[in-house]
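Each of the two complexes below includes chain A, the first together with chain B, the second together with chain C.
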Partner chain A sequence: MSDVLRRIEIPIALTIIATLLQVIPYYLDIPPLESAANTASNAVLIIVACATFVGVISIIQVHGKRIQRQSEGWYYSLLVIGFTVIMSITGLPIPEVGLSVNNSVYNWLFTNVLTPLGSTMYSILAFFITSAAFRAFRARNVESSIVLVAGTIMVMSNAPLLTNYLPFIADIALWIRSYPNMATFRGVMIGAALGSMALAVRTLMGIERGYLRGGGEE
Partner chain B sequence: MSFLVKLKNLDRRYIYLLAWIVVLFPLLNPLGLPIPISQDARTWYDYVENEINDGDVVLLAPMYGVSGMPELFPMTVATMKHLLTKDVSIIVVSFWTQGPLVFNTLLEQVDPADYGYVYGEDWIRLGYVPGSETAMGSFAASIHNTVTADYVEGRPLSSFPMMDDIQTGEDIDVIVSFETGTPGTPEWMRQFQAPFGTDQITGCIGVSVSGMIPYVNSGQLKALMPGLTVSAEYEILLEKPGLAVAGVDAVSTSHLYVTLLVIVGNLAYFMTKEEED
Partner chain C sequence: MAFLIAGRIFGLVCLLVIMGAVAYYIRESQGGKVPKVRRIPGIDAIDESIGRAVEMGRPVFCSHGIANLRAATSGPQTLAGLSVLSYVAKQTVSVGADLYVPVRQPEVWPVAADIVETEYKLAGRGDEFDPDKVPFLSNNQFGYSSNYMGMMMREKPGANIMVGAYWAESLQLAETGSRIGAMQITGTANTSQIPFFLVVSDYCLIGEEIYAAGAYLTDDAPLIASLAGQDVGRIIAVILGLLGAITVTFGTNILLDLFGM
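And then the complex of A and B:
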């Protein structure tokens, strides 16, 4: 029995069924299939929601070990676990006892801890970009010169001070954005879409097995 | 030449220090630098002003977390204020974990009640729906099956009269999405624009603009708000200067600084190239 359950054909068959269940109702109006597809979608949402708990468990396992072994920076792990536990408990959907995402502690932590930390992480980019602008953006050859000039014009076009006195910069930036950039991105998007279709067909036919047991070896 | 060599190898800490100054100084002492209005801001303003009609159902989606707030939050606030001046139904939903919390912060600055909007009658919050694009697809197929209760009161959606006529993606007239990544515009396009022809306008961070342009030029995206600068222009068009206008001086000075660094860095590179060779 266990050998039967471990057969590679079973997950492939499940993949094919799940995929066709979503694809067929998109093109054909078959109410029972549409209803089954919606039920399957809702099941996915439930699975994703359950995965949140796996995330919390994983965080506690990883950081718990670091605290236990007192590895370097273990006190940061202590903070991570502390805040994970506090936010998980205060955010529990039990409004009858004052717990929910509207809980004052939960919202205070979000506004006064998570928001400034997130903004700080984002702001640090400014330092990396300025350093890169000075050290890495070099016109070493024709290709890098084109990128450098286009990039600098785009940066300049984002500064109102410059576009106010040099409006042609905004016009050039708009042209770069609307023609070379768009043509390139369309190519990338069409290529990626064709690649996805090919991957889907290979998966449906059971040829692509990369998602199975790390390669689907028998 | 030795000066240029020294300049080329300038300690990055000096670059960081100057960056810190050029950003912080205009934030502490607003310079009132000029802000010309771009076509992007005008298109966004015109769309919200003229294309969203009274009675329309607007789905407003804050699809970002705290890291996206510096760039996206001002435009979300400004657009919310603009929408509230109209007689529309607003559904606030997010497929991004921290979206509802970002919206809580927004409500500290914009109270829909000040505009005569009544919760549950004119606007409603549906919170965060986990599941990325699958959730968006499910939401488009059946809003009531995907989200059973509202976010604020936890009441069944069927108990809100405004939701009686809003059942699927077909009942939504326009999507206003503010986003930093995936799920975002491509996912909205696949789940709403393609099957229902729903209009969409998107506010995004500066680095996402390149990927959005094909949707703008094809007409699938009716307007695009790329970054803080355009947000500031939009606030000026709205005649409600806010967070973006306050921050745009720093955008000007920091971008000018980056431009100068590129020029100086390359001059130093070329003038010392032969010496080093």
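And then the complex of A and C:
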């Protein structure tokens, strides 16, 4: 039985069925198929919710071992597990006993720990952009010179002091955004859409197996 | 034809033509007619980056983006990233390099872990697979990126391969990789992140190149042939683009009406 369940054809068949269930109802109005697609979507949501526990298990495995071995920085692992457990328990959907996303402890952790940490990580992006720009914006050849000039104009167009005295900079920036930039992005997007279609055909034919164990080798 | 949804018929026809073309080229390849595909330096450099990491005695990092497998536009990117992971895992196992795969989505984690574990088993070294090296970090975007950056700073990888869907964390990860001197191969179809990857990494796969990576790396004739089918779609896109420009110039919205836009 276990050998049958491990056959590579099973995930391929599931992928094909799931793909067709999503694609066909978009183009064709067949109520039974649409209903089946909705059922499949709900099933996927349940699977995803269950997968969250798999993620928690992985966190506990990795960080639990670090604490057990007292590896370097093991106390950070203790914090990770501690906060995971506290937020998981206080956020449980049992309002009758005061637990839910409205729980005061959960809310405090969310507002005063999780949100500021996320904002901090997002804001340090500015420093990464600066250091990346420092290396990239060098006029080494024609192409990099074009990037340098275009980048400088875009930065200048976002400075109100400059655009107040030199309003044409905003017009040039708008032109860059609307024509060369838009044309390039659309080209990339059309190419990516075609690429994903080809990937879908390969997956539907069962020949794209990179996402399966060992590329489908058994 | 009451079951056809108005406004989506022409889109369906285009989709069927493109898919038919891809299927046609795949069938042709089974008869021995395999089209030539241009070299993609970023994909060719994967072996070089792994070799470099081994020579330096450093591990290899490979991630498949932060998206799940369900989203319409980013899901296929994750699939493409997993195909690259499959190849990278095979190569790292064969040369004995350490491979780390940081994962953001809990639903993708078992797939990624299974891919890496299977490569160890296929090489007859299943007991060497360490699940701690395929960690689920956090499903919070910046929780994931801070963890990933921390791992890179501690482990100092010789190669950092990132192919998949990335958003604001793309530059944080790639810039950290650059600071520690890792050879970086990146790729995404998220247009807003491509410039960041281009600036920071050694090689960058742009848009459709990430979808071609799986086919390109396996060098399997039907997979390679499917890439030629995309060209039919490209021709349709160019023709529609030109027709759209002409019709709008002459003040008619016939194409927009055809697509139900």
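Observations on the structure shown:
In this section, the second predicted complex is superposed on the first by the 204 of 218 C-alpha atoms of A that agree within 3 Å, B and C clash if a C-alpha of one lies under 4 Å from a C-alpha of the other, contacts with A are read in each partner's own complex, and residues count from 1 in each chain.
Please note the rule applied: contacts are C-beta pairs under 8 Å (C-beta built on N, C-alpha and C of every residue); 3 or more make two chains touch, one makes a residue touch a chain.
Owing to the predicted nature of the structure, the values given are computational and were not obtained by experimental measurement.
Look at A:189: by the touch rule set out above, it reaches both chain B and chain C. In the superposed model, A:164 makes contact with chain B only, not with chain C. Using the contact criterion defined above for the overlaid structures, shared-chain residue A:121 touches chain B and also reaches chain C. Look at A:129: by the touch rule set out above, it reaches both chain B and chain C. In the superposed pair of complexes, A:148 makes contact with chain B only, with no contact to chain C.
When both complexes are overlaid on chain A, the residue A:68 reaches neither chain B nor chain C.
In the superposition on chain A, A:54 makes contact with chain C only, while chain B stays out of contact range. Of the two partner chains placed by superposition, only chain B is touched by A:138; chain C is not. Looking at the shared chain after the overlay, A:197 reaches chain C, while chain B stays out of its contact range.
Residue overlap on chain A between its contacts with chain B in one complex and with chain C in the other: 26, 44, 48, 52, 114, 117-118, 121-122, 129, 131, 133, 135, 185, 189. If you check the complex, the residues on chain C that touch chain A are 2-5, 8-9, 11-12, 15, 18-19, 22-23, 26, 68, 70, 73, 76-77, 79-80, 82-87, 90, 103, 105-107, 109-111, 114-115, 117-119, 121-122, 131-132, 135-136, 139-143, 145-146, 168, 171-172, 175, 178, 189, 191, 194, 196, 199-200, 206-212, 214-215, 217-218, 220, 222-223, 226-227, 229-230, 233-234, 237.
Remark: chain B residues 10, 12, 15-16, 18-20, 23, 33-36, 38-39, 65-71, 98, 100-101, 104-105, 127, 129-132, 134-135, 137-138, 141-142, 145-146, 151-152, 154, 195, 206, 209-211, 213-214, 217, 227, 229, 232-233, 248, 251-259, 261-266, 269-270 touch chain A in the complex. Residues 26, 34, 37-38, 41-42, 44-45, 48-49, 52, 93, 95, 100-102, 107, 110-111, 114-115, 117-119, 121-123, 126-127, 129-131, 133-135, 137-139, 148, 152, 155-156, 158-165, 167, 170, 174, 177-178, 181-182, 185-186, 189 of chain A are the ones that touch chain B when the two sit in their complex. Residue ranges on chain A touching chain C, taken from their complex, read 26-30, 44, 47-48, 51-56, 58-59, 61-62, 65, 114, 117-118, 121-122, 124-125, 128-129, 131-133, 135-136, 185, 188-192, 194-203, 205, 207-208, 210-215, 217.
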